[in-house]
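Same chain, two partners: chain A is paired with chain B first, then with chain C.
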Partner chain A sequence: MNILVILRMIPDSAGELQLAEDGRSIDREWLDFQLNDFDDHALEEAILLKEAGGAKVTAVAVGEGANRVLQMAAARGADEVVALQSEEDAMISSREIAASIAAMARAKSADLVLCGVQSSEDVFGQLAPYVGALLDWPHVSGTNRIVANGAVLRVTQERGAGVAVTYELATPAVLGVQTASKAPRYVSGSKLREASKTPIGRAMPESSGFERSAEIITLRLPVQGGSGENLGGNAETVADRLVTILAAKGLARN
Partner chain B sequence: MKFIACTEGHSSKIEAFSLEMIAAARSLAQAGDEVVAFFVGRDAEGASASFGAADRLIVARATRSDVIPAETYALLLRDVITAESPGLVLVPYSANGLDVAADIATRTGWPLVSYVNEIKRRGESLTVVAQMYGGKILAECEVPLPAVLMINPGAFAEAMPGPIAAVSVQTIDAEPALTGGKVKMVAIDVPDYADVDLTTAERIVCVGRGIGDEASIDLARNLATMLGAEIAGSRPVVDNGWLPKLRQVGKSGQKVKPKLYLALGVSGAPEHLEGMSQADLIIAVNTDPKAPIFNVAHYGATCDLFDLVANLSDRLRAGSGR
Partner chain C sequence: MASTLPLWILVITAFALTAWRSRRYAVALANAPAAARFDRPMLRLQGVMVAIGMHRKMLRKPLSGVLHAIIFISFFVLLTATIDAFGSRLFPGFSLAPIGGETWIAALQDIFSVLMLVGVGLALYQRYVLRPARFDGSSGSDAAIIYVLIVLIVASLLLEAAARIVGGADGSWRPVASALAGLLDRAGMSAHAGEELFYWVHVGAILAFLVYIPGSKHRHMFLAAPNIYFRSLEPRGLAPAVPEAREAPGIDSLGQFDWKQQLDLLSCTECGRCQAVCPAHAAGLPLSPKLLITDLRDALAAGPSAAPLVGGVISEETLWACTTCRACMEACPVEIEHLPKIIDMRRHLVDEGRVSPGLQEALSNLTRLGNSMGKPSKMRARWTRELGFPVKDAREEPVDVLWFVGDYASYDPRVQEITRKVAELLTAAGVDFGILFDAERNSGNDVRRAGEEGLFETLAQSNIDEIKACSFNRIMTTDPHSLNALKNDYQHFGAAFEVLHYTALLAELIAAGKLDLHVADGARVTYHDPCYLGRYNGGFDAPRELIRAAGYTLHDMPRCRENSFCCGAGGGRIWQGDDGVTERPSENRIREALSLGDVAYFVVACPKDKVMYTAAIDALGVADRLKVVDIAELLVPRTSQALEMPTVETT
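Showing the complex of A and B:
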């Protein structure tokens, strides 16, 4: 089985996000970029499938720091790594890159395309259904377990309230991974160093093919706070206040 | 202009967000416009009994399966779009909607905006407000019509449930599409709530990724015990195996409404807020003052969660004489 797994580098949302001067993008100058968490799970699922039944895993990374994350992917077990060129200092729109991913899936004779169910920059839509529809392959998003039995996949999808639904489908397919069957593994420094010699292929982007798309006019920060009260940052005074608040509401004790 | 409001229901329960999609369409409809609700599933009766706020209802009736693969839903929706030529298709941000929205946008070539909270009509286009970066940034977008929007649950107040006139209901058979589909449902696992049911818990202490590691969960668990609360976690905490799945709060976890919700190191992503923003009292502790959890918290603190847990535990222990 040939697996193509997509790794998107996105700004660290835990850090501070500031708006750029044009008001339509975020200031990328000082941002840390990291692998989209869900894509990390997709990579893990790809490697687990390879370990379980044999597969060739091609990792495709896009965005700032792609080379670094591709070395990590190689260290974790990816057989081939490719950096997809993207516009510098721009957000990674899954709608924009879907055609390039679909083209690579064809070029690499992929049986399975895996990516994270979502990224924080996919405001114009999610990668798995775009790529699936472009290729006219079945797609399922929000998976937390994928088992391959030859060309037949058993895929478990998370629904609300802890309900899980299992589907069966044949490859070729596109899956949007929510959670890998096992938590993503760590790689040792020595493995990383070894993998740093893995040659990184390059791919040029294709045009998205969409004639009409929505456009961002402005970005803004949400109005902070609402009606909530800020208790500040001193743990002792916060604890004192919370004891009072909880006691007043009859919530302090069993 | 026609609006198609995509609705869902599973196991003879109509999803509340279905009525929100109809309400969103209604809020945009002008004289001469039509709001068409689209439903796929077994509970055609439930749909007819609930979607009276729509002008028309198209039901693709399934007879066998409770869960409709998104592939089938999208296929049936495509036929409806071809027949109706709507100006706007509203899809809920649900497990199903995640696969349907971009699929439809690709097949029609239409624009798509996801995670939408607000919509305004401006002639032949819309301006919408959508969430990005885990709710930390709002994007105002211009959307030429026709288009597809994926709407956040909770963004629009539900339309009044009520029956729709039988003459306004058109029923089609979903079975051929289900039988011919490439994606087959083979099992549904419903969790056993015997161990813990967060939906009925009165007090919840929820830990997020900020807790750092599995060992530290015990600190929060001790605090929860002192408060008579259940321990819960955000998705990453459960994904890491630090807490069982039944203790996950949010979109793919439980929707809770306790009297007390203490969130420790939870950023407050939209998918988490969906599960807990209705709690009576929300107290959030997060070192990042810009964390979106503070937008729903009644009390927020920006101290380190470990310092807070230690200090609060001390005081509760002293107060109870233990």
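Showing the complex of A and C:
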């Protein structure tokens, strides 16, 4: 089985986000980038499938810091790693990259395309359905367990409240992974150092072929709330202070 | 003599049996990987003299030390009796008489036989009446068998001499044996039969002892000296490198331990001194450094087995419990090296990806961002923003002191305040200093001790490259862990930096009259020696000088200096959960400080300690009785407002 797994680099949310001048994107210049967590799970699931039944895993990374993450993927067991070029300093749009991924899936004769169910830059989780549609392959998103039996996949999908459904589908397919069957493993620094010698392939983007359906017109950062006030530990003074605050805000009469 | 042949047979059989019983160890040691422990013979010998001749570490526990010294000296004196007993019959005509065997040597033997019995009596009293907890888990029967054999050997020696006196020998040099002779005489025992009986009991017990030793902790009679001789002479803060011959970074079978690490296992006396000082053991975690050694030893003795070493003979929980505080190695009288073993087995776990979620998160953050908290590097120097003055970028301009700030001091809001205090003190003293800003990475000290050698190398190399590109004279850090890595571990990469702890630098500045401080009125405070400053790097005095210079009186806790008790955060423990902990080491330590009864400040000199001990004090609900202050907070320049001392009720 040939598995293609997509790794997207997203802005590190622990960093200080700042708006770009146009007000429609974040200023990416000073940001650190990290692997999208769900994609990390997709990678783990791919490696688990490889370990369970044998597969060739090709990891494709997009975005800033792709090389570092591809070395990590190689250390974890990916057989081939490819950096997909993308527009610099721009967010990774699923609509934009779907065609490139579909093309790669064909070129690598993939039987299975795995990606994270969503990312902070794709909260609708559109990547898997786009790629599935372009390839005309079946697609399931939100998986938390994938078992392969030859060309037949059993895919479990979490529905909330402990309800889980299991699908059976034939490859080729596209899956959006919510969580891997096992938490992503740790790769040691020595394995990373070894993997740093892995040759990283390059792939040029295909034009998306989609018409723009909507555009971001504005982006807003969370408003910094005022700092909290410690009301102390004495019940009486706390009560007094509370009443004063509520009254000041017009929420209670003094 | 008619007994010559039977004695030869007996002796040869006993030696053969002893060799047979030692065969596994001999084979294991012969096949073990090499270890470079043959350099500097004079220094090594000197260490043996101090450790054994002076019983240096032994005497830290006075009763044990004294009783062991008695038994030890008596053993050497009575060795003359043993030589006499075997020599006279194996080689007819041999006798010690010409050099005083029947005069002064006889007198010494007589007296030391009694002393030996006194020594054994004290040992029995200690083991069966006092019963210190450090013996928990040591083999009781092994100790008992040894006591019986010693008593048998000494008693038969005295009685044999007594029987000879009954038979008409001169007893004037043997007062004790003479007294016993009176008893024997009254019991009506024939002198010749008595002499023969006690002789054979004597040599029989000695040979039994010999045959017994290979399977007993009493191997240390032969192995303690070599084990101390071959001790590590590396700086204490240098974790052992991964040998080039080893394929993976870690160790997952006993045979991969080098011969010295295996010799350690055979030398353990089961004294439990290591267990008594271990913070992990005190916290109720499944780690006793003594049992770690004896479990490994028993596995070595049992030979190859199906059970894996890591996760089998030694459980993963045991390995992760260690704070790498080094108290065990400091306490061990035979210089056993617990930590290199723990680190090597952890290296195997890490290489296999067998790490707890907490550790995985920290290590992943460190891989990605160079700090364990998952904060962007760009925020590393954020603490400088609230200073009233700019801090030099050491990458841009030359500085006298390059300040390696460290993760906690940079990122933790509770510690940043202290970091700023230090910056203010340095400025007040006119020190020309700078920092690396976002180029600094975690020093890798605890990464390395958590067994993540590859990541350590990456972090270290990155720091070394950045540091080497700067122009500076000395490095200073507030963090003992960074101090240790920069000063010791980085030597593996050929980096030899002069690294100072801030306490040393501040003490120097005060001595040079560069800091004019408020002087307190002698209020009593206590001080916690951080493991990586004190035990690892000998930084005991500078902090104490600072406390004195600031006008405080130091009331040390019972466990101080080399015997300081770890806060529980080291070696990657701070990134692991508290599962299985019955009493946090930090809380144990705060209780110790409270028991002093007269201190209001718990002074620390490590950024992690401020966090650990403040949390401990909150957990114990004693914030009104004790306050954690960093040593930098005690030092207040006269230009600022003096520190107000909270009042304490003395108990």
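Going forward, the second predicted complex is superposed on the first by the 216 of 254 C-alpha atoms of A that agree within 3 Å, B and C clash if a C-alpha of one lies under 4 Å from a C-alpha of the other, contacts with A are read in each partner's own complex, and residues count from 1 in each chain.
Assume a contact is a pair of C-beta atoms (placed from the backbone, for glycine too) under 8 Å apart; a residue touches a chain by one contact, two chains touch by 3 or more.
Just so we're clear, the structure is a prediction, and the values are computed from it rather than from any experiment.
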Touched partner set for A:Ala52, first chain B, second chain C, both or neither: neither
Partner with the higher number of touched chain A residues, chain C or chain B: B
Which superposed partner A:Arg185 touches (first chain B, second chain C, both, neither): second
First, second, both or neither for A:Gln34, with chain B first and chain C second: second
Touching partner for A:Arg212 - first (chain B), second (chain C), both, neither: first
First (chain B), second (chain C), both or neither touched by A:Pro222: first
Which of chain B and chain C A:Ala170 touches, first, second, both or neither: first
Which superposed partner A:Ala14 touches (first chain B, second chain C, both, neither): both
First, second, both or neither for A:Ser141, with chain B first and chain C second: first
Overlap of chain C and chain B interfaces on chain A (superposed complexes): 14, 16, 183
Residue ranges of chain A in contact with chain C within the complex: 12, 14-16, 30-32, 34, 183, 185-193
Contact footprint of chain A on chain B as seen in their complex: 10, 67, 69-71, 94-95, 98-103, 105-107, 109-115, 127-128, 130-144, 147, 150, 181-191, 203, 226-228, 235-236, 239-241, 245-246, 248, 251-255, 259-260, 267, 281-283, 285, 288, 290, 292, 294-304, 307-308, 310-312, 314-316, 319-320
Complex contacts: residues of chain A adjacent to chain B: 11, 13-14, 16-17, 19, 26, 37, 41, 94-95, 98, 117-118, 120-126, 128-130, 132-134, 138-142, 154, 156-170, 176, 178-179, 183, 210-236, 238-243, 245-246, 249, 251-254
Contact footprint of chain A on chain C as seen in their complex: 248-249, 350-351, 353, 355, 357, 360, 363-364, 367-369, 374-379, 452-458
